[in-house]
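Shared between the two complexes below is chain A, which has chain B as its partner in the first and chain C in the second.
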Partner chain A sequence: MSTYILKRFLQLIPVFLGATLLVYFLVFSLPGDPIVALFGDKPVNEAVAAKLRAQYHLDQPFWMQYLLYLKSIFTFDLGQDFSGRPIAAVLGEVFPVTARLAIMALIFEAVFGIVFGLIAGLRKGKFFDATVLVASLVVIGIPIFVLGFLLQFTIGVQLGWAKPTVSSAATVQDLILPAIVLGLGSFAYVLRLTRTSVIENMNADYVRTATAKGLSRFQVVRVHILRNSLIPVITFLGADLGALMGGAIVTEGIFNVPGVGNRLYRAVLSGEGPTVVSIVTVLVLIYCLSNLLVDLLYGWLDPRIRYDS
Partner chain B sequence: MRFSRTSKALGMVAIAALALTGCGASGSATGSGSTGGDTSKVILADGSEPQRPLMPADTNEVGGGKVIDMIFAGLVSYDPSGKPVNELAESIEGKDGQHFTIKIKKDQKFTNGEAITAKSFVDSWNFGAAAKNAQLSGGFFESIKGYDEASKEGSTVETMSGLKVVDDQTFTVELKQPESDWPLRLGYTAFVPVPSGALKDPKGFGEKPVGNGPYKMADGGWQHNVEIQLVPNPDYNGPRKAKNAGVTFKIFQNDDSAYQSLLSNELDILQTIPTSALKNFKSDLGDRTINKPYAGNQTIAIPEYLPEWSGEAGKLRRQAISMAINREEITKVIFNGARQPAKDFTAPVLDGYSDSIAGSDNLKFDAAKAKEAWTKADAIQKWDANKTFTIAYNADKGGHKAWVEAVVNQLKNTLGIKVEGKPYATFKEARNDATAKTLTGSIRAGWQADYPSLYNFLGPIYKTGAGSNDANYANPTFDKAVSDGLNAASVSDGNKAMNKAQEILLTDLPAIPLWYQVAQGGWSDKVTNVDYGWDGVPLYYNVTGK
Partner chain C sequence: MSASVDFQEAEYATERPLLEIRNLAIGFTTSNGEVNAVRNAHLTVMPGETVAIVGESGSGKSTTALAAIGLLPGNGRVAAGQILFDGEDISNASEKRMIELRGNSIGMVPQDPMSNLNPVWKIGDQVRETLKANGLPSGPDDVAKVLSQAGLPDAGSRAKQYPHEFSGGMRQRALIAIGLACQPRLLIADEPTSALDVTVQRQILDHLDKMTTELGTAVLLITHDLGLAAERADQVVVMYRGQVVESGPSLELLQNPQHPYTQRLVASAPSLASRRIQAAKELGVETDDMLAPSETGVVEPSKTDEVLQIQNLRKVFKLRSGLGKSTDFTAVDDVSFSVKRGTTTAIVGESGSGKSTVAQMVLNLLAPTSGKIIFDGVDTSTLNSKDLFAFRRRVQPIFQDPYGSLDPMYNIFRTIEEPLRTHKIGDKASREKKVRELLDQVALPQSTMQRYPNELSGGQRQRVAIARALALDPEVIICDEAVSALDVLVQAQVLNLLAELQSRLVLTYLFITHDLAVVRQIADHVCVMEKGKLVETGSTDDVFESPQQDYTRALLNAIPGAGLMLPPEVEVA
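Presenting the complex of A and B:
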């Protein structure tokens, strides 16, 4: 088991190098000189521009820039963004906010998705099942920004139940509406996944055996149906945490959440390579770690699964 | 809708990154003038994250500029109509337009207690100009003698020879050549004094700036990407005294969400109503809106380095393009009156503006005359019928697509040529091609005045070799006319000369003026006394609670 975990951690190294290299290259290939853009419509003062280019290593060829960036990572100094602030500090500000948002969305989609999916699966073909299926189809069909604006306007502005944009502190309470919007799409997937899985397991031999043994309906559902049905759902949720963090850009834009997405959006527009790469790299690492966690959860859910080293 | 597109692009970057990682997961989901009102209210306004540390000479964009303007006071500031009024200046005297003696008021202090003397000004300006400090707005000092030596690449000169301290309250300025409108520029934020600590540690200072303006930054007031809190400076006694208990700029990534915030009273002032709300903001907000022209315009610059657009034929073609655009219609239909059709190259709020300069007929829609001019140009040099005339714009902000498409259609219909809008994904790409002079067609250009003067709309853009001369326009007669304006004995003579210079531009049309900018903003029902300045920025110091 521990060898397995160690192996998985070692795999992160090439992933990390590959991700930084690719993202750095993508940002490097973006057309336009970020320093020229800093001057806006104003004439570019070449002396100032040259000085700034040197400061951000923009006068170096690609490989040199990338190696300097790697060096800065290993010395625990990620460099500075254009406003002269350490990128590490920027990451420290934005990630907690987005993590809060993504985890809230994950809890929302997991709890509601699994509960609704389970009920729908157990009452296959009944009214509840049909309603939930149609509703989830609608949610999957509508793009997230349409849902976002819609809920912002109706719940935030017209009904006044929630703030249309989050307050400066981005508290849990402020983030409820954005988290629901962010989690809605995945909620529908979790629901459908749970439902299908539950229906499959209801006809399984061991469920029939359990019922024949005289176990109560509740015990059959909890131990034999639900637990076995959760494996595909957990896989999806694990992968989704990474996707939620990276995919929060649209939601963060609509509700003005001061998180990763907002900062990344600005960094891409202004061509701040190191900021973009640092943010995306952390996202990639989170994605990998949540996948590792999912793989370890399998063993707990289904003892037949073993980790070979 | 700007962020749906970008998020897609960003999503692609993210997906590409994730795909490469091989993490093993399969398929990821993805009103003005009146007084009174409550002075104990903290005003919540919209802002954007400053691009650079908050050093006055290093700030050249609106997000940081708004804050600098409120926490610093220079020699003069501009009143709502754009007239300079003294802040720290006791007097600014100069007879020949080249040598100035500046006296500053006694007993002025920064909020950290440091006294403001003539030396504070001279040191701050020198710091801004010196190449070694790499300040983005250093170019504002270019008229001062000795600027070239200090700002050269690699220069170690740290002072400009044109600045001399006489005593604690007095210093003198010598310009390279006479420029009668130079004192007008002194209200720009690059010219404010900074305390001596700022020059030693500009980066640290930029995080927690210490100024002398109507406001000061609250302790820990700059929460990056979230908000900037300003509180009144009790020691300030200039013309912009705060009438509220502070201003907090909430940082918004897009105007649409700021507008939703305003509708639910979470925000007190929204400087610019987003394009998506132009149709219904008046019914949403009632009389809590403003519609006021400010010193900015929109043009289409046509580079003269393109063969079809040079010489006599090029000039006729530009006139044809200009007369083929129906400005009235676009400002009404596309902008709902949020723009005014242009009648010259400057802006109507400026002192000396005239809407009837000889040649301004070229800016009126006249299909017949447009076609005639185009045919005449064809007689000199044939226009290749397969050629497409492009209008480049940046698609990342500003909402230019709608009006560019409208202009494209008007040109197609009137002139019968192929025309297309050419979007650049980002502003920086567009600027790159413009500064490198590698444009293949026209480009939209906007100008927002840095200081209220006609010259600011002419010299920096159309003088031969000027830094923002995207059109590569070079006309010695025009250069001479502008210099005459700068050398004029009085401001009003200078303005007359500037309008003479505009007559040349209106014939040559290096850029085609389209419309003047109009500030359209709104406020919540918790505040009152809202008015905007000459530059389209709300006069935050004047706003009170209800």
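Presenting the complex of A and C:
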């Protein structure tokens, strides 16, 4: 088991190098000169521009820039963004907010998705099942920015049940509505996945055998149907955590959440290479780690694929 | 279980039946409306007695048994009749009442040990919940006791293992342990050993017999195997198309079947009493209908032509064990034999004996580690890609699973035509003509051409697979468990067809099977394999009449019904 985890951690190294290189190259190839853009409408002061270029290593060739960036990572000095703040501090500010948002969204989609999916699966073809299926299709079909504005307007503005925008502190109460919006698409997916999985397992031979043992319906569902049905769902949820972290750009935009998505969007627009690469690298690492977590959970849930031996 | 007749009759007089099914009708709601799976079924199980329900798949035998434990599938329901368990009608009992009865009054041993244990729970957990649900002590010792009573060695530590760490036989023992854990008065055993090798089957059934006799449990045994039913049960109930067509004491029923269906079943049950067609002919014995076509046989095969020679064949698999390490597993070890043109050679053995690996190497789908396969004088390992293509045309396979080996998206015409197209034989019109001929040869109507595999029965699909194998006029056909998945009656038809085709087209068969009764019917020569080694070879008659090896004897003894006296001739209605 420990060798397996070690192996997985070693695999992170090439992923890390590949991801940073690729993202760095993409930012480098963006058209336009970010330093010139900094001057806005004012005439460019060549001396200042040259000084800035040197400070951000923008006068160096691509490989040199990339190597200097790697060096800065390993010396734990990520440099500064264009407003002069240390990038490490920026990361420390935005990531907790987005992590809170993503985890709240994940809890929402997991709890409601699994409960609704289980009930729908057990009552296949009945009224509840049909209603939930249609509703989930609607949710999947409507783009997230439409749903976002719709909920912001109805629940936030008209009904006043939740705050329509998020304060700079981004507390848990602030984030309830954004988390629901962020998790809605995946909620519908978790629901359908659970439902399909439950229906499949309900007809499994071992469920019939369990009933033949004299177990009550509740015991059969809890012990034999639910756990077996959760295996594919857990896989999806783990992979989704990474997607929620990185994919919150639209939601964060709608509710003005001071998180990763917002900051990344601004950094891309202004061509701040080091900031973009730093944020994306952390996202890639979170993605890799959540996948590792899923694989370990998978082995725990399904003994047939344990990694020792 | 087989108490003396007098004693049983005394019991009948004083005791009431443990299970009595009266005029039972079971319907299934499908998209095509209500389908009657069982009509007017009736049977009686006395306390401590074993009753077998025999029938082919789809005869309603499992449905009847499942109704008795309230486990009909969601769309099924008891439409009429009564199921009396110890005098109480449970055909429409509440779910609460059924939960009370299940486990401690009525136990079940299901059919397939691979799919009936939950893969994510330890064996011990699955036994424990049974004990717990029925209010019995369920500590680790109690679990171990239940498992060891079912014949599982080292039960204490085995209980901590997961189902995938068990062999099929061990899983079935675990399922028997679960079924009998609460000492029910009635055990429903639904094909409890059909998925197992014959030798394991015998051990398990012996053990089940012993346990139910000790506990005084009545058994309702569901099986498609008449020999097994006759050997294990006091009473046999024969079901056909949802109806009970005949019932009575097993031996009586077997020796003097009244209903035409039972007569056919008895006649076609493969057993050691059957004879190889050819052998029968040489002995001058009257031939049955299975032989009729071979009498018109035109070409008498030259007996000396060895079309296939296998020399010192070995296959070693590397099994991965941890990082970069691997252990060698010898699946086939120094196997040599030869096959004469126009004859049938059977390779028999239990699963894991390496017989299918030999077949794959002969088909050139798997490269041998060492040794040679010489087909018609040429070493097949030396073939270049063009020669290999030609080789494939002359050696064709028929596989076990007629459901899995046909492409569900291809209609039958396309399925049979595919090899012709691949080998660029003829034009469209001549290929269609050929397909029609092939369908005639395998006795399928030509209208089958436009149908899809899912519209055909298992026997019909296997005929399609045979037609496809014959499309290229091959010389050798490798049948890997080609009839194992079929019901006895269909099996007899397909074996008939194969025998007929052999005499007409001078085909050579290499028959891979675990079923010795089938071997008796079709093979001229037998190779017995055990753990990768060839332990015995010889003519079928020699091997069956005087087996030289203990292993062969064990295999022969394990055939259900082998020791029973069958009527020598049964009129086929």
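Observations, loosely collected:
In the analysis below, the second predicted complex is superposed on the first by the 307 of 309 C-alpha atoms of A that agree within 3 Å, B and C clash if a C-alpha of one lies under 4 Å from a C-alpha of the other, contacts with A are read in each partner's own complex, and residues count from 1 in each chain.
Following the convention adopted for this analysis, contacts are C-beta pairs under 8 Å (C-beta built on N, C-alpha and C of every residue); 3 or more make two chains touch, one makes a residue touch a chain.
Everything quoted here is computed from the prediction, not taken from an experiment.
Contact with neither chain B nor chain C is seen for A:123 once the two complexes are overlaid on the shared chain. Of the two partner chains placed around the shared chain by superposition, chain B is the only one that A:51 touches, whereas chain C remains out of contact. In the superposition on chain A, A:165 contacts chain B only, with no contact to chain C. Set against each other, chain B and chain C differ in how many residues of chain A they touch, and the higher count belongs to B.
For chain B in complex with chain A, the touching residues are 1, 3-4, 6-7, 9-11, 13-14, 16-18, 20-30, 49-53, 60-61, 131-132, 134-139, 151-155, 203, 206-207, 223-227, 250-254, 256-258, 260-261, 263-264, 266, 396, 425-432, 435, 445-448, 460, 466-468.
Within the complex formed with chain B, the chain A residues making contact are 15, 18-19, 22-23, 26, 30-34, 36-48, 50-52, 55, 82-85, 90, 93-94, 143, 145, 149, 152-153, 156-157, 160, 163-165, 167-168, 170, 185-186, 189, 235-236, 238-240, 242-243, 246-247, 249-250, 252-256, 258, 261-266, 268-271, 280, 283-284, 287-288, 291, 295. By the touch criterion stated above, chain A contacts chain C in their complex at residues 3, 203-206, 208-217, 219, 223-224, 227-228, 231, 301-304, 309.
The touching residues of chain C, counted against chain A in their complex, run 69, 71, 73, 95, 99-104, 107-108, 110-112, 115-122, 129-130, 133-134, 162, 164, 175, 178-179, 181-182, 321-323.
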